[in-house]
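Structures for review follow.
Same chain, two partners: chain A is paired with chain B first, then with chain C.
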Partner chain A sequence: MNLNTLAWRNLWRHKRRTLITASSIAFGVLLAVTFTGAGDYFYTRMIDAGANMGMGHITLAAPDFNRAPSSKKSLQRVTQLQQQLEKLPEVKDVMARIQGQGMFASAHKSVGGMFFAVDPKQENAESNLFIKAMVEGGMPRTADDKTIVLGVDLARKLKLTMGKKVVYTTTDKHGDIVSAIARVGGLFQTGSNEIDGSVALLPMHSVQKVLGYQQDEVSVLAVILHDQRHSHQLRDKMQNMTPFSQVEVLNWQQTQPDLAGMIAVDKSSNYISQLLIALLVAAGILNTMLMSVLERKREFGVMMALGLSPQSLFLLVMLESFWLAVLGLVIGVIVTTPWYLFMSQTGIDLSGAYGDGFSFGGVLLDTVFKIRLFKESIIAILIGLFSLALCAGAYPAWQAGRTPPVESLKAL
Partner chain B sequence: MEQTIVELKNLSKIYQQGEIEVKAVDNVSLMINKGDFAALCGPSGSGKTSILNLIGGLDSPTSGEVWLDKTELASLSSSELAEVRKDRIGFVFQSYNLIPVMTAYENAAFVLELQGVEKQEQHQRVMQTLSDVGLAGLEHRRPDEMSGGQQQRVAIARAIVTRPAIVLADEPTANVDSHTAEALLDLMQDLNQQQGITFLFSTHDQHVIERAKRIIQVHDGKISADDYRA
Partner chain C sequence: MNFLKLAARNVVRNSHRSIVTIAAMAFACAMMIVFSALMEGVIAGSERNVVAMNTGDIQIHQQGYRDDPDIYKLIESSASLSETIRQAGFVASERLFAFGLMASDNSSSGAQLRGVDLFYESTVTDINQHLMEGHWLEEDDSHGVVIGKKLARLLDVSVGDELIFVGQTADGYMANDSFRVRGILKSIAAGIDNSGVLMSNTMLRELIVLPEGAHQIVLMRTDRQQDLTQVTEQVKTLVTQNLEVMNWRQLMPVISRFLETAQVQTLIMLLFTYIAVASIVLNAMLMSVFERIHEFGIMKAIGVRPWQIVRLVYAETFIQTLVASIAGLVLGACLTWYLQQYGLDMSSLADGMSFAGVALDPVWYAVLSINALLTPIAFLFVMAAIAVIYPAAKVALLRPIEAIHHQ
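Our next item is the complex of A and B:
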């Protein structure tokens, strides 16, 4: 009988103990999938929502625009840049936008805020959060429209309703103060007070005229990716590509540092929780393997007397840990799969606690708690727990191998 | 001229028990020859098992030398000692010490597996040996399905299946009734006479002492007498 078979049989000497320990590994899989899956899902939702709020996963802007935005800093020949970007396989959508600060005035009040000038032809609900959040009216029909779309709170502050006039004032390309009139053509409600109370959408060409921009001139190109995880890598790649050498290429972490910071903090606490789970699982395995080694001390002495080397004895106990880990992971996958399918497709509705939605890092999230795992997270969980089980088994295995046979034979 | 298998030269083993030094083996010199059926006799605590452990490379001497054929055991690493035990020594223990998750066949084949003997040869040797020890037909039984005597027969099969230079048996009849003890002794005596296997027992069982061809008396870690029977 080879060591592998012997290890497997040894595992079943105490069925209940083995099953309890394997269950603790399986429970570790369930918790790790839930925690990691929640992270993967919510971080992606937040990052995508943040990107869809204006700046994209990757932003192309004039140098220094991100640090100190100004109408004076603009991107020229954006059509060429857009064509280059659309050739990249990671890119899903590219949208030209003008982003600026302005003062919005009604007959009753003036309120400071931020505007995005958009070309309705380029926008779609999938890549633009405001289209999805529209509660009244709609986006400007053309880029030459004289309409404005306001956040519901901003409209409330200005005491405006649909069709009413708004004067928006900003600084143009030369630093001069300029104004224009628009009529309220739509209202959006994202659920984030910060956004709903300060953001307005304007038609692209109208704003270009007001700012003194050419038709092919904007302040940013917002790039939406198929997978937000490629933003860092793609930014680095783009920085070394000739067409983008004259512009600043930024990823979402740079354009939305608050969101990036919050995600980093949340990830850290998530990692700590997972580490604690891992320690509990490891303690269970260590306990089982130590007990198993201690109660077989004499048997190990006999095996060494028969010629089993200390290294082979170490290997035998490690193989027991290996099979325990495999068993735990198999049970874990069997138990976790239906849970994962339910949580990734249906989820748990938390609207009773959170209402219609809640914002995190300035980004609105829905109230259905779902999980989704990236492929690499699945691999990381399985490898992580597997390695953990092997590490926890290493000490008992080392103990078994280092005890002199004469000492082991004395054990009862 | 008789071939010496084991030679002990001025062998001592001192154990530290707290602040007290216990001389388990005290300057023992001894030769075991091929074909011996020898018994180390003496009261409990006299040092019989310690001598067996030193010969088997299970323990290391405080001073002196243990030679197995032409190999001095004290100079070997733990892995090299394991190799020596695997290839050249068979052990039979007082309480059988079979591996409980293995059948009689698997227990007997365990050392052959460690030696890397081919499956077919393993099968032939194990089946023959189990038959030699009177266990034909019981090869698929696990230890908990066998009597004490049957378990000790499996232990003997495990010890001899590799054709070792010597079988070291520590109180092999201590845990069985007198009928079983006689049967086991018959078996070992047959193996000694027919196959020339060398046996060295530690015992204070009169049955074993009566059967032994050579009796080595041990007292307080020293050999007080060493006689061959006529």
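Our next item is the complex of A and C:
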């Protein structure tokens, strides 16, 4: 008789026990999918939102700009770099931006903050969070405009409404303090007080003139990728490409260390929790298989006496663990599929508990709890499940294989 | 024969199974103790970063100041008000704020100047001990400032460097002065990290020409056990002018809610883990009961009542859970003690962490509290008791004749 068939039938000799163990495996699968899926969804959302807040998934900047930003450190001949970047298949969008610190003053008062100078032609709502968050007016029409777009809280602090004048003051290329005037042309509201109260958008050419920059001189090139998972690998690749040898290539982990830190910590605590539950499920499998082996000592003795080798007995018990895992997986998939479909499409709205949103590592987080699984995560869960089941089955299987036939026949 | 003795012998009879079951329970219990203690530590740490470093328990402002921090929205006669508050048994300190541009040799950044009372501030907050580099402000130093961590990076300055400030004075002129960086703060919260410049009250008064009043009075309970809401009400009665009095939970509702729901997160984690444990207990007891159907049949035949059998099965489970919880308690307490002393260093994972604008320390310390120790144990007993209902009921309802013939 085939060992596989035998293993399968052995499992069904104790229906109740098998089903309870299989359900605990299924429960483990459900939790793994939920935890990993929440991570995959949530981290991607955070990383993309962070990238759309100005610096992109990958950032090209002058050396040392990221450590200590200053208008003195600029990128030159940007158009050329931009063309090079757009050739890369992973790249979705490239935007030239000037990032700077400054003070914004109205007739009433002055408030410190930061600005992004953008070229309206290059920007679109998909790669720029601020366009999406616009509540009044809009982006500057051309790069030469004298328009400024403010966060709603910043505008409120300055007591400004649409069309009013603002003086912005910053340090130029030579280290001198310079000022220029602009009119409020738009207001955005991202929902994060930190951002809405301190960020302004300005048109590119006007700022270039103020800072004493050339036409194609900016502070950063923000690169948006189709898939955030490529950022690390692509950064390494770009660092070795000749057109980018003079500049610093950074990924989002470097430009947004707070976000990267929160994600790393959250990820590791997520995986530790999963490992903990996985170990408990494995202990359940171990217990079930061990009992089932110890009960069958006599049976194994007879099988050995009939000529079955210790190796085949070991294999038999391992196959039982394997089929138990398969059964658990099938139940798990049946239970998890509707849950996953619901959670990936509708999700649970937590705004009752958390309000409209809160910031996580400096990036605004929305409060709908959803899950989404990457292909790698599915593979990781499957590998995890089967390796656990087989590890847990190894000791009972070894016990089964070492039974000396005469002893165990005498036992009962 | 004593039923407890019988139960204990039954547990020892199949030592393999009992050991695996007890080990799994003990392991889960220990992990949950560590997890709860660590969560409590992180919550206490974040609360400390919010309250003891920055916000204080309660803040008093002029009406509307928080929405629109205007230099003229002062608490007048703030000195006498803070004196009244101090006499009522609180610690209190006055703060002044101003905004402007701070420039170094290389770059400039918007800054929020905070004038603190050098004598009283240290009685209210621990910010003077939260420095990454350099030292805290001193009374006789007329140019010294302490600045936020990110601001130091943005301006590319370190301790000893010079900063130039440009802003407005209260009488409408340009405020202009140079300062020396004496210290750089560790991470506290987004606002202060990105733009905070701390200096003495007297220096800021001179700079912005504001001889009297303050923008904020921050105060702290001396007895941490007092109820915050009640204390807030008590402070309101002390304030005779029309001022806004708010405690930190009202000032930072998102953080406050997060810290409250963190407890719920611990419970959810506990529930998930224990469901896995329950299935192990259920299976183990089910096996143990089914092996002994024949035996239970005989027991019933000689007159043992069903409830006595239920009691026996429960006693067996109870003994295993007790052993597991003692082992779990010892292991969990040891690990927690270690994490309380040395902490769990996350700095290799993360340079900085912030949640809802509040910085988290990269080293997490556990807090060994009765709650963190006993909740996982109490839950373990409840879970085991639920898991064993089915096996116990199964044997209690056996019919003796069929059971005796069962193989």
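Methods note: the second predicted complex is superposed on the first by the 409 of 412 C-alpha atoms of A that agree within 3 Å, B and C clash if a C-alpha of one lies under 4 Å from a C-alpha of the other, contacts with A are read in each partner's own complex, and residues count from 1 in each chain.
In this text, a contact is a pair of C-beta atoms (placed from the backbone, for glycine too) under 8 Å apart; a residue touches a chain by one contact, two chains touch by 3 or more.
Predicted model only: the values in this text are computed from it and were never measured.
The superposed arrangement places chain B and chain C next to each other on chain A without a clash.
Figure note: vertex chain A, arms to chain B and chain C, all at CA centres after fitting on chain A; angle 90 degrees, rounded to a multiple of 10. Within the superposed three-chain model, A:R298 lies in touch with chain B and out of touch with chain C [touch as defined at top]. Contacts of A:R9 after superposition on the shared chain: chain B is touched, whereas chain C is not. In the superposition on chain A, contact is made by A:L306 with chain B only, not with chain C.
Looking at the superposition, the partner that touches the larger set of chain A residues, chain B or chain C, turns out to be C. The superposed three-chain arrangement places the nearest Cα atoms of chain B and chain C 12 Å from each other. On chain A, the positions that touch chain B within their shared complex are 1-2, 6, 9-10, 12-13, 298-299, 301-312, 404-406, 409. Chain contact summary for the complex, chain A toward chain C: residues 16-17, 20-21, 23-24, 27-28, 31, 67-72, 100-104, 108-114, 156-157, 159, 169-171, 175, 177, 193-194, 198, 257-258, 260-262, 264-265, 268, 273, 276-277, 279-281, 283-284, 286-288, 290-291, 294-295, 353-355, 358-362.
On the chain B side of its complex with chain A, the touching residues are 53, 56, 58-59, 78-79, 82-83, 85-87, 91, 93, 97, 99-102, 106, 109-111, 113-115, 158. Per the touch definition, chain C reaches chain A in the complex via residues 14, 16-17, 20-21, 23-24, 27-28, 31, 67-71, 99-103, 105-112, 153-156, 166-168, 190-191, 194-195, 253-254, 257-258, 261, 269, 272-273, 275-277, 279-280, 282-284, 286-287, 291, 346, 349-357, 362.
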